[in-house]
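Dropping the structures in below, format is C-alpha cells.
Both complexes below contain chain A, partnered by chain B and then by chain C.
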Partner chain A sequence: MSTGTKDPFVIAGVTIASRLFIGTGKYGSDALIPAVAEASGASVITVAMRRVDKGGKGVMGHIPSRLRLLPNTSGARTAEEALRLARLARAAGCGDWIKIEVISDTRYLLPDGYGTAKAVELMVKDGFVPLPYINPDLYVARDCVAAGAAAVMPLGAPIGTNRGLQTREMLAILIEEMEVPVVVDAGLGRPSQACEAMEMGADACLVNTAIATASDPVAMAGAFRDAVIAGRTAWLAGPGGVKERGEAADPSSPLTGFLGSPAPGAAAGGA
Partner chain B sequence: MERFVDVLAEWPRERILACVEAAGPGDVRGALNAELPGPALFAAMLSDAADPLLEEMAQCAHALRLQYFGRSVQLFSPLYVSDHCTNQCRYCGFNARNKLHRRHLSVEEAVEEAGAIAAMGIGHILLLTGDHRRMSPPSYIADIARAIKPDFPSVGVEVYSMTEEEYGGLVEAGVDSMTMFQETYSPDRYEYLHPAGPKRDYAFRLEAPERAARGGMRSLGIGALLGLQEFALDAFATGLHAWWLQKRFPGVEVSVSVPRLRPHEGEFLSPHGVDDRRFVRYIAALRCFLPRVGITCSTREAADMRDHIVPIGVTRVSAGVSTAVGGRRVKGEGVGQFEIADHRGVAQMEEAMGRLGYQTVSKDWESPEATAMAS
Partner chain C sequence: MQVTVNGESLGLAEGTTLGQLLAQRDNEPRTVAVERNGAIVPRDAYGATAIMDGDTIEIVHFVGGG
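Now for the complex of A and B:
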C-alpha cells in the first residue's frame, strides 16, 4: 500500500511496505486480526507483552506471520522495567523492534519523557531497535533520537480518546525537525484524522482503538488504509496554498500608507 | 492530601446526602457531558434524579468502556486457602461464631488447587484467606504465592489488613495485586457490623490500600459491600476512594469491585438492599466518573446480570469459581463464604462473552520485575 519504490518508507534500514501500523488490543475477538491485517494492508503490528502467553497461545496465534512484530512494553513504569519486558519479547521470539512505553500514570496513560529517553539508551546498548511512544515534545524527541531511536511515535491525543490531532502544532514541529521517521500513534479516531496526519508529512500512523472498537473492524481497517494512502499521496503531491477564511483580515492601521499613492504608470513596472 | 482518611473527612454523611438529594436531571446531564466529572458530579449520577436518565448514562458508560477497554473482559479465579477466621462480621459466612467445618490448606495442597485453576487456562489468580494471623500468617501466604507464581502471570491477594512491610514481603514473593473491601465507609455502621476481631479496626483497614501501594503493589482493588448502609453513601465513598488512590498513586492500577450482599451461612438480613436499577446506576456512574478504572464483578451476581453489565462498564469477571476451601483437587467439604450465583466455567464464560461480541482474556499482565517469563 505504499506509494511504491519512488517513496520508500525505511526504519532502521528496513523498507516497510505500508505506512499504517495496527495493534492487537481491545478486539471483541482476536480471530478478527488476520482479516483486519489483510484489509489494512499493514506490515507492522504491535502487541503488548503483557498479553503474550507462553507457547504462542492467545493473541499470538492470530497474528499472520507475514507481519513484522512490534512488541510494546505496556505496564512498564521505568526504563529498567521496559528493558526487562523487551528482553522477554526477544526471548519469546518477537524480535528486536520494540515500541517503548514507559508510563507511570494510569489515569491518563501519558508517556514519561525522561524514562522513555532513558529506556531508548538502555535498549540500544542491548541491541534493540527502539521506537519510543512519546508526547510530541521536541526535547524528548531529540533525546530519544540522540540515544538511538529508530523512529519516534508521538501521540495525536491521549491514548484511547479517539480525539484526533489535538497536538497538531507540536506534531508539525517534530515532522519538521526529526531526521528519523515520525509515526503518529494514539488518539486517531477517524480515517480523516489519519489522513490529515499524513498530509502534514507524518511518515506513518499507528491505529488500534479506532479499528478494534468499530462496529465492523475489517471495513474500518480498509478505510484507514485508504486514508493513509490518500494523505501520503497528497503530501507528495504538494498541496496548493489554501487561504483560510478570515486569515487576512482588513488591517485597522495600514502598514504601507506612509509610502503614499503609487505614481501614475508605476504599476506597469519594467525598466 | 497524603491520606485518604483526610479526604473522606471532607465528605461527611451530611455533605454526601446533601449533594445527592440536591441533584436534578441537569446535574446528571452535566456529569455526562463533563470532560472529567469531579466527586460532586459523581454524587449526582448516584442520585435518584439519575434514574430516568439511566439509559443515557449506560450509553455514555458503554462508549467510555469501548474507548478505554475495548471489547475484552479479563478473567480471574479465586482460590480460598483457609476459612479460619477470628472476626465476627455479621454478614459473612466465615464469621468465627458460625459453626463450620473449617478447612486450612497446606502450601502443597494450595499449589495443587492452583494447578487446577491454571489447567482451566486462567492466568490471574486471587488468593483468599479468613482473618487468622496465627493460622494464615503473611509468610504462609507468601509461600503459596512463591510456589504458584511460575504458573500465573498475576497473583493477587484478598486477605486481612497488613503493614506496609508485610505487603512488601508479598510483593517480593511475586504478588502484584491486592484487594481490600472496606465493606462500609461509615465508621458507626462498621463498628456495629464488626463486633469482634482484628477487623474491628476501621482505620487500619481503610488505609490498607495505601500501605499496599507504598509496599510496592502494582494493582489495588477496593470495594464496599453494597447493602450494608444507604446505597449512595457507600457507592460515593468507594468512587471517591478509587479517585483519590489514582491521583495519589498514579503508577498503580486501581479497580473497583461491586459486590452486593448475598445469602450466606448466618442470619444477617440487609435493611439497605440495592435493587438492580440502582446497581446498574452505580456501575454506569463509576465508569463515567473514572473511565480508566477497572470494574470487577464476582459470582455474587447471576449470569444474566453479569452479561448485561459487561458492556456498561465491567472489565473483569471471575470464572470457574468456588468460594469454599479446597474442592477442586484437594478434598474439601467447606461451606462457601457466600452463595455463588453464576456457576459458569471458563469455556462457558468465553462462549457467553463471545455471543455478546466480547472476548475473554486470560492473561493481561507480565511482571516487569521478573527476570524470565512464567514458564
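Now for the complex of A and C:
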C-alpha cells in the first residue's frame, strides 16, 4: 500500500510495497497475525529467534508467504551474539535481512550504539543486509551507514511504551542527514504518531505493540496503514509554512467585498 | 552418552543423529536451526550428523517479536 510506482520505497535494491512494517510479538493469539498482516498492507514483518521446546511450533505457520521476513537479534547483548543469532536465522531459512538489536540495558531496552555499529560491520562481512535499531543519534547512525547499514531504525520512544515521538527533534535531524532509509521503530503508540513521523519525512514506520495490544488488532492495523499512507502523501505534497506563536492570523478568505462595504473606487462618504 | 540440549542435560543412545533428536523432540526440521558445539549444522546434514558424548546442542526457531 504505497503511493505507487511514482514513489518507490527501496532498501538494498529491493522495492518494498508498503511503508508500514509490522511485528509478530505480543498477540493474544498468533492466529490473528494473517488478518493483521492483510489489514496492515505490510510487506515486511519482524520475528525473533529463541530456543524451541519439545513440540514447539513457533510463529512461522501464521505468517503469510508473501511477506518478507525481518528477523531481529533480540536477546543479543554484544555484536558477536547478534551475529550468532543472524547466522541461525539465515540457517532457518529467513534470508539475509536482519534487524540488528544489541541491548544490554534491561530496564529501558535502549540500544547500545557502539555494539550496534560493530554488529553492522560484522554482518556486512558475512553477507547480511543489516537494518540496525538505534537511538536517533547522528554519530551512531553515521557509523552504522559507514559500516554498510541498508537503513537505520531509530526509536521514537522505548520499546513497547506506546509513548510516540518523544525523540522528535533528533529524528528530524536523522531524516535530514541520512542517505539511507529511516524507519521509525519502537514507541509508536497511535496512528497519529506514525502519520506525524511520515509527515516529517521518515521513509517508513515499524509498529508492533500498538497493533498487538489494541482491543481490535485487525482494525488497528488498518488504521496504521491509512495513517502511514496519509503521512507519506502529506510529506510528498509539501506542507505549508507554520507561523510563530504571536504572529497574526492569515485569513484564508478575502478581506474585500464584504456586504455593506463601499464599492472599490467609490469616494468615501459619496452617495 | 550425555549431551546438553538447549541448556538441559540429556542422556541419549550412542549413535543418535541430529535428525533423530529432532524427531524425539517433535521439532519440525524445516522450521528450526541447529548449532552443534557453536557451529551451525546445515539442514540437509541433520540425518547424517551423529551426536557425540559431551556435545552442546542449541535448537532454535522463530517466535513472535518486534
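Annotations
Everything below uses one rule, namely that the second predicted complex is superposed on the first by the 237 of 271 C-alpha atoms of A that agree within 3 Å, B and C clash if a C-alpha of one lies under 4 Å from a C-alpha of the other, contacts with A are read in each partner's own complex, and residues count from 1 in each chain.
Just so we're on the same page, a residue touches a chain if its C-beta (ideal position, glycine included) is under 8 Å from a C-beta of that chain, and two chains touch if they have at least 3 such contacts.
Just so it is clear, the structure is predicted and the values come from calculations on it, not from any experiment.
Following the overlay on chain A, a clash is recorded for the pair chain B and chain C. Of the two partner chains, both chain B and chain C are touched by A:T209. Looking at the shared chain after the overlay, A:N72 reaches chain C, while chain B stays out of its contact range. Once chain A of one complex is fitted onto chain A of the other, the partner contacts of A:C94 are limited to chain C, with no touch recorded for chain B. Legend: residue contacts after superposition of the two complexes on their common chain; A:K26 is shown touching both chain B and chain C.
By the touch criterion defined above, A:S104 lies against chain B but remains apart from chain C after alignment on the C-alpha atoms of chain A. With both structures placed on the common chain, the touch criterion links A:T46 to chain C but leaves chain B unconnected. Looking at the shared chain after the overlay, A:L259 reaches neither chain B nor chain C.
In the superposition on chain A, contact is made by A:G58 with both chain B and chain C. Here chain B runs into chain C after the superposition, and of 5-13, 59-67, 131-139 or 365-373 the stretch doing so is 365-373.
Annotation: chain A residues 25-27, 30, 49-52, 54, 58, 88, 91-92, 160, 209 touch chain B in one complex and chain C in the other. Interface residues of chain A, counted against chain C in their complex, comprise 23-27, 30, 33, 46-52, 54-61, 69, 71-72, 74, 87-89, 91-94, 159-160, 186, 206, 208-209. Within the complex, the chain B residues that touch chain A are 66-72, 123, 153, 246-247, 250-254, 292, 354, 357-359, 361-366, 368-375. Interface residues of chain C, counted against chain A in their complex, comprise 6-7, 25-28, 30-35, 40, 42-43, 58-66. Here chain A touches chain B in the complex through residues 25-30, 49-54, 58, 73, 75-78, 81-82, 84-85, 88, 91-92, 104-109, 160-162, 209, 212-213, going by the rule given at the top.
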